[in-house]
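Next come two complexes, and both contain chain A; in the first it sits with chain B, in the second with chain C.
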Partner chain A sequence: MDETTVKATFDVYRFEPGKDAAPRYDRYVLDLTPHTPVLTALLKIRAELDPSLTLRYSCRSAICGSCAMQINSKSRLACESPIGPELARDGRIVVEPMRNQPVLRDLVVEQGTFWQNYRTIEPHLILDPRHPMPEGRENPMTPAQVDRFKETPRCIACAACYSACPAVEADPAFPGPMALAKLYRFVVDPRDHATQDRLVRIQTEGLWLCLRCHLCTEACPKEVRPSERIRDLKELAIAAQGATEHGSRHATGFKENIRERGLINEMKLARQSVGLLGLLPQVPQGIRIWRKKPELFRAPHRIEGHDEVEKIYEALDDGKTKEDLP
Partner chain B sequence: MLKHDVVVVGAGLAGQRAALAAVEAGRDVAVVSKLHPLRSHSGAAQGGINAAIGKEDSVDTHTYDTVKGSDYLGDQDAIEFFCREAGPTVIEMEHFGTIFNRSADGSLARRPFGGMGLPRTIYAADRTGLALLQALWERLGTERFTLYEEWDLTRLLVREGAVQGIVALDRRTGEFAQIGAKSVVLATGPYGRVFGRTTNAHSCTGDGVAAAYAAGTALKDMEFVQFHPTALVETGILITEGARGEGGILKNAEGERFMAKYAPRVLELASRDVVSRSIITEILEGRGFPGGYVHLELMHLGREKIESRLQEICDFARNFAGVDPVTEPLPISPAQHYMMGGIGTDIHGRTNIKGLFAAGEAACVSIHGANRLGGNSLMETLVFGKQAGIAAATYAASATAPTLRDGDLDAAIAPLRAWSSRPDGEDPSTLREEMQAVMDRYAGIYRNEADLLEGVRRIRALQKRFAQVRVVDQSKVYNVNLTDALEVGHMLALAEVILVGAYARTESRGAHSRRDYPQRDDAHWMKHTMALRGADGPQLSYGPVAYTRWEPKERVY
Partner chain C sequence: MKLAYYPGCVAQESGKELDMATRWVARALDIELVSFPSFSCCGSGFMDEANEVLNVALNARNLAIAEKAGLDLLTICSTCQGMLTLANVRLADPKVKSRVDGALRPLGIEYRGTTKVKHLLQVLTEDIGLEAIRAKVTRPLRGLKVGAFYGCHLLRPADELAWESAEEPHAFEDLLSVLGATPVYYRGRVMCCGFPIQFVKPATADKIAGHQIDDAKAHGAEAMATPCPLCHLSLDAYQNHAAKAVGHDLNMPVLHLPQVVGLALGASPDQLGLHRHLVSTAGIVAIAGARA
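After this line comes the complex of A and B, so read on.
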């Protein structure tokens, strides 16, 4: 533990909608040790410099999920982000409210939609009346079945993933990484009897809107790795229902294309993803592309060493039994 | 005007369980919480939840261990009831969807915990509270009720000995409102933030306990404050008892496994008061590390066990102390952790005010007596949360509608308005820090008459200054400066009750250790402290401890 203090400069977002004309950044300079968490620094600012600085916080040990915010443009928990590395990288610490949620005041955001999306995936066990819970004793569950939850039980609903997600920003129909990770948690629960319904439903309710950028996984303070759970859900959804949506048909078509020739057949993949009728609205754009890059409209050659591609597919297919699926 | 049959204040495990029971009984239920329910401090509980469900275990053994752990101050009839309910309760939580660790045969896994002779603690890695809180919230979410999210309790409305509702502050709008209720359940958790060195969240400020005290409810056994043996030295962040349950050992600066001197039979798994005193004794006698701490070693457990069963504390140690428990010992010392005392209730959560109920850490039944066993508090929230919810619903079914008068709201708000309008005054943060310093110094693990008297004097001086508290922030929206002031006002009242009770109790029992009275004194002190608010501070009286089968013996671990 380094006990020498450094001068730490904080530029903190301040805004009260309806009162302030525009957001501003207030600068505070404090002498702190490098391992001081940003939350501790903000509370010191509140106690010593400006009691009107507004934020949410409670446990200060990364378990209540209250203090997620943007720290030097990354969605983080303030309580477990030491100032040292931030200062070393950026020279100062810019503190802003989470993204994708309207600001209530300063660092406090309105989370109604975030919580509503979580409710929408029906986060509770759905039982089959024909299979009631065992009376007076627990449902048996093997340690291997517990492992299938992966890290999803660690989720503290801090919304750091939701803040980091560009799909949330682009499309209100996307429920967000946390809600989908939570859905995964119920899909793999051996006590739940709605697995099939859940998977079918999510195929049309946002699953395929994920952009696979993995920013949620980077932001998650609890190793829940939401983007990987979304990928797991996609695999399970295709296994449960087949490829019924543009997104899932694109995924299976992609896989088929590469297996055939080692390259994408763009025309074929487009047709596979959206169907012939679905291509009709794309015709004007298709003509423009055809003028500039006619080669895209020819089936590609089979790549050299294609047998290696086939070997990879076989290895993957062999290696993955049903039990290996998430 | 806002009105409900049952208003539950606090949305941790006790509050949510009470709400679920009241909803299931068909009442119109509202839950009022200053945090989103999933942010409640119940979620920070790590180690596990006790129930005698093993074949080799029995309700009787669990009862005996709890009675002994309580240093014979727990009410034995209540403890028996509690231990009987524990098994069905943990099964119910499994059925609600809690993801517990499992044994190879698929049954609920159990780990050893302090003060118990066999593995009885069911767990979800080292985040059992979080696992339970999520499952219960998700179960409650399938029911209809009203959630007042981020509302702060400021006072109870009581008329002619019967509760009429509450006054609360909506943080988002800055407006105060009366919420009428036929019955109110207080489940606002502890007030650990009266101490500076605490494992408790910033939000643990005893709002419900203070409101009950102000309204004329008796607070019980407030002097009994549990100090957890193992908190990270610098921050007070909790390192679960599960770490010792899994085989972690304590060593002083001389490399000695010192618990062999204090609890030769069970070593690190003695009850918490014993281990905390042992650590402090080592430090006071010069065998601690510079800066005042000892080591908790986990390295010998191996990377796999540490990283799978103690995942969260691995992160805590690495992120908050810069120490890797796989390769290095953790620097730890005791910190305030749990309040055995609280709003005096029976096993149905009833208080001395009609229609007012309490449950969880805010309440004192008492099953923990002078010292709580690890793993019993999560179970307490659920067992007694449910009981309080049922009792509140039953009471509401026959109670008359509450009468609310505008004048009551005005009277409640007027003093708070003065906080924001005075040009000069006391800063709530400063008052809080000074209060915490007083409690750390004068009401800690070892106590004596002179310290406690000095503590009372200083807290009363702070109470006087609080009368001139000033809220600088003039905004209505999410005014944390205002809620800081509300909270420190609540805590200053409770700090005084702790000190006065501790001063009066001239014996050492469980977590209450008087240097000047080192022995337990059953002849004079086998009784519960009851504190009522009086004009000049708490008025103490004493009530009997309920016995069934177990005669007090000396506690040896």
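After this line comes the complex of A and C, so read on.
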């Protein structure tokens, strides 16, 4: 291991709402080995240079999920982020609190909404009241059944995904990647009795605001891959309830749309997603775009070999989801 | 070099200027584009939510078409790039492969998984090479500050898709430098453009687009450039809505990737379809020309 120390420059976000007029960045320079975790460096700063620096941490072993923060703009656990690669790339380490949550002080954020969104999905098994589990008995699952949600229990609720999510940033109606990934875990649990209710409810409670941007999957330190769990939830929601929302109608509309010509008919897709009435407010914008891009209102050509596309639909568009694969 | 050209839906329809610019740049750099009128839509990250295996099967057919011709496949859209590459990944799962084969075999279509899917950005920076491009620059974009905007599906999810760092990519910025422009680094360059929920909740989609344009602007960008025509719709065609959502004028010209390359390689604005944008590009064409 490389024991040579390097001069590490930290620019740390400092802010105490109600006391400071605006946030500032305090600079600290320390001699550290490149494998030093950012958390260790921050604790050294607090112990030796500035006892007022406020941060949240506990286990220092990437288990408790307390020390998520932004390190050079990326949402990360400070305890498992060595300073070396950050310095090599950016020359310094900018440490900021997580995004999308109000700052309480310095690197500590207020997490009320994050936890409230989690409680809303009812993150516990809901058993069939007619068949309560007998006292002292187990409710066994097969390995294959457990496999369907093997990623989600790894979640340590660090909120790195929540911090990285542009939908959370723009819209409080989106419950965030963690809450939806946890919901998926109960939806595919064979012991849970509320699957149908859960899928119906989430369709109107933010599921379709997910942008499919996968920023949560990159931020997650435990490889829960929330964006993929959300994708699976969407497919299950449509299979359970049909397409009832603009988002699900966009997905099923897309599927039907491609079947007709093999390529997307943009105008027709808009109608399929939001309906004729829903299109009305879009008319002025449509005309604006059409004046520059006259193809907008034109149906695309039918692709060659369209009959093959049709036959593939006949074989595979049978209402089954990926979860039904043998 | 010779590639199967997969233009995707938008470049054949409302984003025709992307197709025009791609063909111009391909000619200038001796890339032979082979067209296949039988390619179908990639599913765009929406269709798989209605039926993932069906979506994978349609893309297996697309990939098999290029495979039969012995060609790698060129995409010019981050989303097409993502969906076609993901199809290759999903088809490595024997359960998926067997269900897809069951639908394709009766049609005489064989998918073997040998065709690589490459976005134009990757072909330009890795196959053609930055030095070869530099040698053909006739109108360097000296001093033009350009913020690259990557689009989500070009590199994420990284485990499956990334051909360079998904969090700190630099291929586009490297290319911009070779073209004589000054690349602008900003957090929003790897964020989402908002387009996927334009039909779900336009106000939220517009706000997200506005955030990224604002971020580029705050870091000094005079123009943005994107390898994804869906991002282009969001950032250019809907920019007036994005401006309303963030409460101030944005006035940010947004170029398609091959348009920036074409400008530096000497194409005329008309050849690149720059007149088809909603936000005027006249300012940056003038800057590029004047500073050259």
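One rule holds for everything that comes next: the second predicted complex is superposed on the first by the 300 of 326 C-alpha atoms of A that agree within 3 Å, B and C clash if a C-alpha of one lies under 4 Å from a C-alpha of the other, contacts with A are read in each partner's own complex, and residues count from 1 in each chain.
Simple rule for what comes next: a residue touches a chain if its C-beta (ideal position, glycine included) is under 8 Å from a C-beta of that chain, and two chains touch if they have at least 3 such contacts.
Every value quoted in this text rests on a predicted model; they were computed, and no experiment measured them.
Enquirer: Per the contact definition in the header, classify A:Ala251: touching chain B only (first), chain C only (second), both, or neither.
Expert: Once the two structures are laid over each other on A, A:Ala251 reaches chain C alone.
Enquirer: Considering only touches as defined above, state whether A:Leu104 meets chain B (first), chain C (second), both or neither.
Expert: In the superposition, A:Leu104 contacts chain B only.
Enquirer: Please determine whether it is chain B or chain C that touches the greater number of chain A residues.
Expert: C
Enquirer: With the two complexes superposed on chain A, say which partner A:Ala157 touches: chain B (first), chain C (second), both, or neither.
Expert: first
Enquirer: If we overlay the two complexes on their shared chain A, which of chain B and chain C does A:Lys293 touch? Say first, second, both or neither.
Expert: The second partner, chain C, only.
Enquirer: Have a look at where A:Ala270 lands relative to chain B and chain C in the superposition and call it first, second, both or neither.
Expert: second
Enquirer: Note which residues of chain A are touching chain C in the complex, please.
Expert: Listed in rising order, the residues are 73-74, 89, 166-167, 169-171, 173, 208-209, 211-215, 217-218, 225, 227-228, 231, 234-235, 238, 243, 245-248, 250-252, 254-255, 258, 262-264, 266, 270, 273-274, 282, 285, 288-289, 292-293, 295-296, 298, 300, 303-305, 308-309, 311-313, 315-317, 320-322, 325-326.
Enquirer: Hey, which residues of chain B end up touching chain A in the complex?
Expert: 35-36, 38-41, 43-44, 88, 91, 94-97, 99-108, 124-125, 127, 130-131, 134, 138-139, 141-142, 172, 201-203, 234-235, 237-238, 311-312, 315-316, 319-322, 427-430, 433, 472-473, 475, 477-481, 484
Enquirer: In the complex formed with chain B, which residues of chain A make contact?
Expert: 1, 16, 19, 35, 37, 46-48, 51-52, 54-55, 57-66, 80, 82, 104-106, 108, 111, 115, 119, 123-125, 133, 136-143, 145-146, 149, 153-154, 156-157, 185, 189, 191
Enquirer: Going by the contact rule at the top, pick out the chain C residues touching chain A in the complex.
Expert: For this pair, the touching residues of chain C are 9-10, 12-16, 37-41, 43-55, 57-58, 61, 95-96, 99-100, 102-104, 106-107, 109, 152-153, 156-158, 166-168, 187, 190-192, 194, 196-197, 199-202, 204, 207-208, 211, 237-238, 240-241, 275-278.
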